[in-house]
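Please find one structure pasted underneath; my questions will follow.
For reference, chains read A, B and C in written order, and residue numbers begin at 1 within each chain.
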Amino acid sequence: MNDRIRRFALAALAVTSATALLAGCAGGDASGSEAQDRSLRIVLATEPVSLDPCDTQDAANAQILRANVLESLTRIDAQTGEVVPLLAEEWEASDDNKTWTFTLKEGVTFHDGAVFDAEAAATAVNRVLNTDIGCGNGTTDQFPYPVTTTVIDENTLQLTSEQPDGIFPLRMTYIDLASPNTPTDAKTDDPIGTGPFELGEVVSGESITLTPFADYWGEAPEATEVTYLYRTEPTVRASMITTGEADLAVPISAADATDDGLTKEYSDNRVFFLRTQTNKPPFNDPRVREAVHYAIDRETIVGALMERSGLPYDQLVAPTVNAYLEGYEGPGFDPDKATELLDEAAADGVAVDTTIELVTRPDLFPGSDEVMQSIAQNLTDVGFSVQLRSLDTDAWLQLLRKPFPPEQVPNIIAISHDNISGDASFTFPKYVASTGTNSTLENSEIDALIAEAETKSGDERAELYQEASKLLYDEEFTLVPIALQTKLLRLAPGIDYEPNGLTGVELRISDITFTG
Amino acid sequence: MAIDSKGARAVLLPDATVSRTGARLTLHRLLHSPSALISSGWLTLLVLVAVILPPLVETAANRQDLSLRLLPPFSLDNGPMFILGADGLGRPELLQLIVGTRTSLLVAASAVAIAAVIGFAIGLISGYFGGWVDEVLMRIADIMHTIPSLLLALAVLYVLQPSIANLIIVLAITRIPVYLRVARAQALELRERVFVESSRAVGAGDWRILRTDLAPMVLPTIRTVAMLEVASVLLAAAGLSFLGIGLQRPDVDWGMMVADGRPYLATAWWVTVFPGLVIVLTALAANLLSNWLRAAEDPSQAARFIRRPRMRKAAR
Amino acid sequence: MWIFLRRRLLTSAISLVGVIIVVFFLARLTGSPANLYLPESATQEQIDEFNRLNGLDQPLLVQFWNFLVGAVRLDFGDSIWQRRPALDVALAAMPPTLTLAGIALGLSLVIAIIAGSIAAVYRFRFPDRAISVTTLTISSIPDFWFALVGILVFAVQLRLLPTSGYSTASAWILPTATVMLAPIGVLTQVVRGAMIDALGAGYVQNARARGFGTARLVARHALRNASLPIVSVAGDRAAGMVNGSIIVGSVFAFPGIGTVILGAVLNRDFAVIQASVFVVGVGVILVNIAVDAIYALIDPRVRVGAGKGK
């Protein structure tokens, strides 16, 4: 099973690098035939909620704006997962990992003509981090410690974190820089950035159009116009490719996948897992939690129902995240063992026949309802008394997050969690540490490891997280990983795009090439 | 399909002018109307299925078997229960339909019955007494009519838990105004009639008049509207399932089956077509029967209606 | 007529106030928006801050009072989701909904009048039965199923129509057909019933005796007489179409008030829920008044009875 995942990851890497080469060649060709009309129509699931540059934490907003209209100081290289410069040339940390000095790129202008310099960058960073306008970006999730900005000279910006922060450049990928003319006391629906495209026409409820920015500092993309459309039904999105109404549909469901090479898979480092309530009977007995692990037939469920949209999985984070344990294998499917564990627990007086709610929501991922019904049957088969509850997002969130009132029926909640950053600090403090808002676990050993990891960087940080992972998987059994999720998109003939781990939040138009 | 306004009165009113028709006569007419006969046959069959079969097949119906996922229909290789194929989790479509029949009929019948009884009662009172009582009740009906049923559904299913009972409550509440208006319109008209006056003259109280004079006159219309409403409630329940705020598994109804089969429309038609067909047939049967009832109980229409059979008899 | 209109407006206004009061509390029963708008790991302080910024920390009755004060000035507050005035959001969605409802209802009426008249003329014979069964079958099809199958057949298989959208004329065909499903059955039945009555009326019988052809008879005399119930049921369906557009919105991405209400409910966007229901309520009232006005034009007797209300 682990081999399958590694092979998958390697294959994905090989394909992406090959395309990167090809894309390079194609880019060269394009400059030869200039005047061609190369418009793109991209159909997405949902309309962006906000076009404000400081709301790109929301995937629906980010997929359109990030890397196309807006750019940040640093970005994540989708191929290597490393943090690389974008609007910064380079950066340097002080010894205590508190002060970070960024040297900025020269010759960059915003769409409105404003010059990008340290002053502009500071204004933009402050707009996200230090204003009261309710930004989606710059929350405590992304920036746990207060940050102050200091302009050193025209091209040097110093950012100081109140606490040591080993992954500060990674955090800066979350701050899209807006023109200094953007209002700082209110949200805007006119995002002005430095990206290769400017915002064109916006028809609420229908479409958004992007047009190329003539003075872009980097290489001009092939597309001459991009129109985004929104369709809620996955089948309709896929059909629009068939009928030629769109050039790229993202995401589509496994049932609509084609075998013609135009349906592409990509991982957004998303893991589908279940959370048991460690703090409530009967789950306060580790044997009951372990039984949940043994009860679920991941291979069959994921293979049959998720098809190309998932792989059976044993860990909480994707292989690209530093807490990933090389070679680890989970308990596997063993219903007899599960029943045995439950019987043992019952013999010791644990109320294993308590009715448990298996909580999910319909839009967890395409086809999740059927997967959850299958899991419910698996659990029932080994002797759990399970009641499936599919809630709307708001009600689901209330059960996901603390507080967990005592009168609450014990539940197992389905979670689909992505971590595109590669760092476990976007997963563990929230789901594993006892202080985490979404955590039911109380393990001081794990808490200490996470706390220590937060202050370290590099291999040291990774090792501490991996140790925490081991404890979590081998002793606690709180979280039950089911599948490493894969998303699917579909291309029209004549369009080429190799999706990557960031596609779900950063669909770079520059990566799309025309082959027709 | 909803008839819930003054127009309904114009169409449905003739009923009220007739006294109740004898059951034997109705049966006699039924036998001579093929569409009504087939419709009532289908509905009777469904009721029998819903009452008898589900307890016997429920376990088998909910048994998932992923190796039989999306098994095509019309093959007996996996036993007769897979004659209509299997759904996305390898559950036998036929047995799911049977269990779904019980839920769908229960939901539709209960929602219609509750709405009809409440709407009927309030409508009668509102129309008979008139004045401020009528004013207040009609404004409440207007309010209920304007609030999006979806909002109501979400509020109720959120505060309470999604279940068959709560689904029935939501559907019933949204349909009450239909009956209320029809009953009120008739009561308004009937209270001026001579027989009401004569009842009053011999000293009958308001409630007695309502019960013995008005209610029996309005009832046939309410029954006709209720038959029509069975179809619309079935479709409304299906719509809620489509929007993801209907029932919860393992409960299943026809609408949920159609909604759940949505991803397989292009690849496995049978998952949605069979339950869809059952919905269409049932709604159609209820509609046809309602039409027939209305015609059969209206003397002006019934006279024409039974002409043909009579002539045939005479010829014999 | 004016007394009648004034009375109608007054009673309608009372209903409207009732509606927005009920909706205000109904919406708040569905929970707080804070969870949806804050990151999963939001702290209690952040939640409190969010509630304070959006005025959700005040006692319910204070919120209600603020809402009423605003509503009187047609200020329903800002959409928490889209961050613009809620009334704008609701009003922007009305033109597509009204256009779609208008086209669908007009076409349904034309079809219903033709089919219903034929059925009435040939009552209890084959054409009548065929028409009844066909139109009732159409009305028994679940609309979302029809919409999805319609896309598969007409867009994907036959390539005749676009799958979805709103900007081209051909994109309107499937949504219009979907919205027409439900009204066709009931309208045809109403036309048929009314025409049967009208055709039996004395003066129509007279005209028949004078040698008028059936078609002319139907078009000239009976239809006018039958139009009262047709108009009122059509008006009722028009009001119902607002709710019906939810399915069309979610399948065809057809923008409209149904989509707005669905989105607002799922996103706990209270201001938009209230503004939308208000706009819909005003629409329903206007349709009702229009129906009554048409009534009065067709049948002068209605004016006499106007004092009785309704």
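What we mean here is this: a residue touches a chain if its C-beta (ideal position, glycine included) is under 8 Å from a C-beta of that chain, and two chains touch if they have at least 3 such contacts.
For reference, the UniProt names are B, C = ABC transporter permease.
Please read these numbers as outputs of a predicted model, since none were measured by experiment.
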| item | value |
| --- | --- |
| Chain contact topology (line, ring, star, complete or other) | complete |
| Central chain (by mean CA position) | C |
| Pair sharing more residue contacts (C-beta pairs) when B-C is set against A-B | B-C |
| Centre-to-centre distance between chain C and chain A (centres being mean Cα positions), rounded to whole Å | 40 |
| Centre distance in Å when chain B and chain C are each reduced to the mean of their C-alpha atoms | 22 |
| Inter-chain centre distance, chain A versus chain B - centres from mean C-alpha coordinates, in Å | 47 |
| Chain B: positions in contact with at least two other chains | 154, 158, 262, 265-266 |
| Touching two or more other chains - residues of chain A | 233, 235, 392, 395 |
| Residues of chain C touching at least two other chains | 30-31, 148, 152, 156, 250, 266 |
| Touching residues on chain A, where the partner in the complex is chain C | 49-50, 57, 134, 139-141, 187, 204-206, 229-233, 235-236, 239-240, 242-243, 245, 392-395, 397-398, 400-401, 429-430, 436-438 |
| Residues of chain A defined as touching chain B within the complex | 233-235, 253, 255-256, 300-301, 304-305, 362-363, 366-367, 369-370, 373-374, 376-377, 388-390, 392, 395 |
| List of chain C residues in touch with chain A within their complex | 30-33, 35-36, 38-43, 46, 50, 53, 81-83, 92-93, 148, 151-152, 155-156, 159, 162-167, 250-253, 255, 259, 266, 268 |
| Residues of chain B touching chain C in the complex | 1-11, 35, 134-135, 138-140, 142-143, 145-152, 154-155, 158-159, 228, 231-232, 235, 238-239, 242-243, 255, 258-259, 262, 265-266, 272, 276, 279-284, 287-288, 291, 300-301, 304-305, 308 |
| Sites on chain B touched by chain A in the complex | 64, 66-67, 69, 88-89, 154, 158, 161-162, 244-245, 248-250, 260, 262-267 |
